[in-house]
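Next come two complexes, and both contain chain A; in the first it sits with chain B, in the second with chain C.
Now for the complex of A and B:
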């Protein structure tokens, strides 16, 4: 395999990994009928929490767990507002996108003061490093030069696929997103599942954010989520609300982003902005083709009122 | 009833918390406000510009305020917010703020606007003559990094990472490439400078990682950048590549402050004394002479310099040769 293509694939996987967590977060939310556009904000708070805990404890793993906890905490605002108070989901999702990154920036300033020193935390090791493997073969790098979080992302995709299609609990979960009133008549705890979806969504989005500061970059910078939360929304639609489809979508977006970086290097005739457009143009094109037919949960975005007929 | 009390208490607390901000402007102390689209703790441009403002303000007895990590769409609104607080000077460290600064300067004629890296022609465009450009010589900045790159490269391939395609960035890239080629040729080597790449913003450290990895794949062994936190990401990738190789063979030249020791791969820095330029601007405000001019920063007037060289990595003969080239630059004989 050519070096260019091999390195492109490796970069694509690196850049897709945080997207997988964020997209699965959105998938769990939407499968329970909750459209959460606040993934970007939840990931921001997860990213900061992960960074701080990793820095303080020296353990990136604890950072990831703390990121998940912070994500759950922030998403409980969304849960209470949209599930208990039946408020508009889009509005609260947007509110979280405004509030959470600002809160992250505020906490960072409070913790580090107005100092301007670059703070760097340690990163989670890869299996290749842990095993002391020196080979730079493409397959070794692809399968072993990854942090445990990358394996977790792929395992979660499989677990989610099995859960939604092969388990009674998963089918009940999906029923809440399709016809909550019918699900309630079958004795399914609709409110409970919606809250559970918010816990899972918050945890995964927090982990996705924490991944950036515990597995990818040593530093925390405001705005480091850089629109990934919104790409996750597109990935869920692109993936037709199926875990396998979502995985392909994330790999596609990661590949496009990696491609634009490498195309800038080999082409000096076109303006660099042209290449930076590639992931977004690809998103629009794919959504225009695939997103034309509605395939999402039927009650997605609609509030569930127990007493309403 | 309880909700009303809670709401009133919260509102009262918010107003009380803002009180110190208002009292700060009650005395005669002058205030400078900085806006920045990167973080002040980015370990690069944002950090250096913030520290420069703090240093200059301390020397002149001014108060400081800042907003960092602001989006491009918020440049103008942020500047105007500070203007409404009646600050004495807006300090905008970057060519990318030019349009927002000119618009705000027209609406607030009594406020001074210091545009670091502003174009030479920008002050003339200000309707009220209240804009000055602080302009470190970008070509000389490129030379300082390029000379060291030309001496240190072993693969003959060097790289440059930009944040946005600004005039100053292009001038740095041009100076970097020309100086590296000149120095390399003088030492019996040849150098290829990879095409410049741009992250599109100054916060994407992950993009810096990916750019550096891609450029290392293309054989680059000396890096220079003009992209703030993106440069920090690039240094991380370079350090990782060096760790994997078991030796430091890929290097980074930092700017605009001396960052020796921040990362193992940093072999030297190009240093810009922005504080000196800001101090001159503050004094001009105090004397009522501010505006309509460009304050240049060069090697000759001491605003630009070469930072410390990493003596553990850079051989002694290279250090000597590099010091010689810097002297040539100061004397105006470099590449003549």
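Now for the complex of A and C:
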């Protein structure tokens, strides 16, 4: 196998992982009938928290956990506004997208002052480093030169698929997104599940953001999520609201991201920005090709009011 | 619109602003500065003298354009989140015309404005076509186009129009700079922005086209049943909102920034969305909100110099205003809330 292709596949899997976390976050939210376009913002706060905690404690793992906690906290604002106050989900998601990155930028400024010096934190080790393996074989790199977070992402996809199709609890959860009133008559706690979905969504989006500062880049910079939250939205649509489909979509977008980095390295005649456009243009093209077959949860985006008959 | 609802549309944002400022004061106090002092410098920096007032107007101009862009699109139910990309395309075209065409002075300004509006409109039209023909989610498409436009601007200032070794474009020639407005630091782009706002207001609320466009936004099915050409209005709202943002980008380049450089226009699109939502999609209220936000930004620089409170405090206050306003608007619409506060008697649920 050519080195180019091998490196592309390795980088693709790594770049797909944050997208998988973010897409699953969106999937859990939409399956409970909540369209959350604020995950870009939640990921930003998760990314900063992950970076700070990892820097202070020296443990990237604690950073990831803190990122998840911060994501949950911010998403509780979304939960209260959209579930309890029945605010329009799209509008509120937008509000979160403005609020959360501003908060992240503020905390960063206050913590580090206005100095321009880049602070670097440690990255999470890969299995290969932990086990002390020296081999550079492609398969070794593919399966072992990965952080535990990559494994967590893929395991979560399987867990989610089993949960939504094989368990009673998962079917109840999906019922809330499809037809909440019928779900309520069956004794399902609709409001409770919607809040639960926001906890899961916030945690996963926070982890997705923290991945970027604990497993991918040593520093935090404003705007480091770079639209991944929105690409995750596209991945959920592309994946037809199924964990398996979402995984394929994320791998595709991850490879696009890896491809643009690789192409930048081997080409220096075209301005590098044209390669950076690849993931965004690919998202538009994919959405244009798959068209608008409605396959999402039926009550997605609509407020649920107990009192309405 | 009912009078009661209209009251809420004013009271909720004003209350949100007050609460956000209170939280801002707590943060300032926690940072070890005096909130009263900081607020005094904030006010002084934004409105303290004619010079600062001009700066505030100048800073508000691009925000007014992106706010109007969002107002216009959302009134038709189109979630155009691409104000930033459309703004940048407008400024890129204006940059080319101002620096590369033989025209200078007023003809160049007019051509720049025209090309900026056309470019912004076309950039938005791409998203509109995908929505209408492929039924695609315009939010994702317009955001992706923002990133593409930002990168395209990057190509322009690092390659195509690069000014020597510095990653920025060559400057707009002096003859093509927009003239100052009443001798202030703001240029004539500011009154143009306000005129565009008045035009949007007139179109939306005083013409049958505006009525039909709003009808499409309120209830697409009902509008369709009534025989309105829904697709035409959706397409129109994309193109016009994009053109407003593109015009804003062109005028910002000719009036204030004069060069494309890293960070040009960054965040203006989402800012416009926030301001349009705080203003309940009312164009004139949108202008007021945009000036208010610009004042916060300009004033916060003075505050930082005088008291050491970082300018990002004002970003937090702005973000809190949007978080509270949108939640507050939803709360006053809740049946429970209406029952308790507005009509005490009867009516279950």
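General observations
Operating definition for what follows: the second predicted complex is superposed on the first by the 297 of 309 C-alpha atoms of A that agree within 3 Å, B and C clash if a C-alpha of one lies under 4 Å from a C-alpha of the other, contacts with A are read in each partner's own complex, and residues count from 1 in each chain.
We take it that a contact is a pair of C-beta atoms (placed from the backbone, for glycine too) under 8 Å apart; a residue touches a chain by one contact, two chains touch by 3 or more.
Being a predicted model, the structure only gives us computed values, none of them experimental.
With chain A as the common reference, chain B cannot sit beside chain C without a clash.
In the superposition on chain A, contact is made by A:112 with chain B only, not with chain C. Of the two partner chains placed by superposition, chain B and chain C are both touched by A:226.
In the superposition on chain A, contact is made by A:103 with chain C only, not with chain B.
After superposition on the shared chain, chain A has more residues touched by C, the comparison being chain B against chain C.
In the overlay built on the shared chain, the residue A:77 is in contact with chain C alone; chain B does not reach it.
Applying the stated contact rule after C-alpha superposition, one finds that A:262 touches chain B and leaves chain C untouched. Shared-chain residue A:90: touches chain C; no touch with chain B.
Of the two partner chains placed by the overlay, only chain C lies in contact with A:283; chain B stays clear of it. Look at A:218: by the touch rule set out above, it reaches chain B but stays clear of chain C. Looking at the shared chain after the overlay, A:137 reaches neither chain B nor chain C. Once both structures are laid onto chain A, the chain C stretch out of 218-226, 254-262 or 272-280 that overlaps chain B is 254-262. Within chain A, the residues touching chain B in one complex and chain C in the other are 105, 114, 226, 271, 273, 276. Residues 37, 77, 80-81, 85-88, 90-92, 94-99, 102-103, 105-106, 109-110, 114, 226-227, 230-231, 233-234, 237, 271, 273-274, 276-277, 280-281, 283-284, 287-288, 291-292, 305, 307-309 of chain A are the ones touching chain C in the complex.
Contacts from chain B toward chain A in the complex involve residues 38-44, 46-47, 50-51, 66, 68-69, 71, 165, 194-195, 197-198, 200-201, 203-207, 209-211, 213-215, 217-218, 229, 232-233, 236, 244, 262.
Chain C contributes residues 31, 79, 81, 130, 134-137, 139-141, 143-145, 147-148, 151-152, 154-155, 158-159, 270-271, 273-274, 277, 310, 312-313, 315-316, 318-320, 322-323, 326-327, 329-331, 333-336, 348-349 to its touches with chain A in the complex. Those residues of chain A that touch chain B in the shared complex are 3-4, 7, 11, 14-15, 105, 112, 114-120, 136, 212, 216-219, 221-224, 226, 257-258, 261-262, 264-265, 267-268, 271-273, 276.
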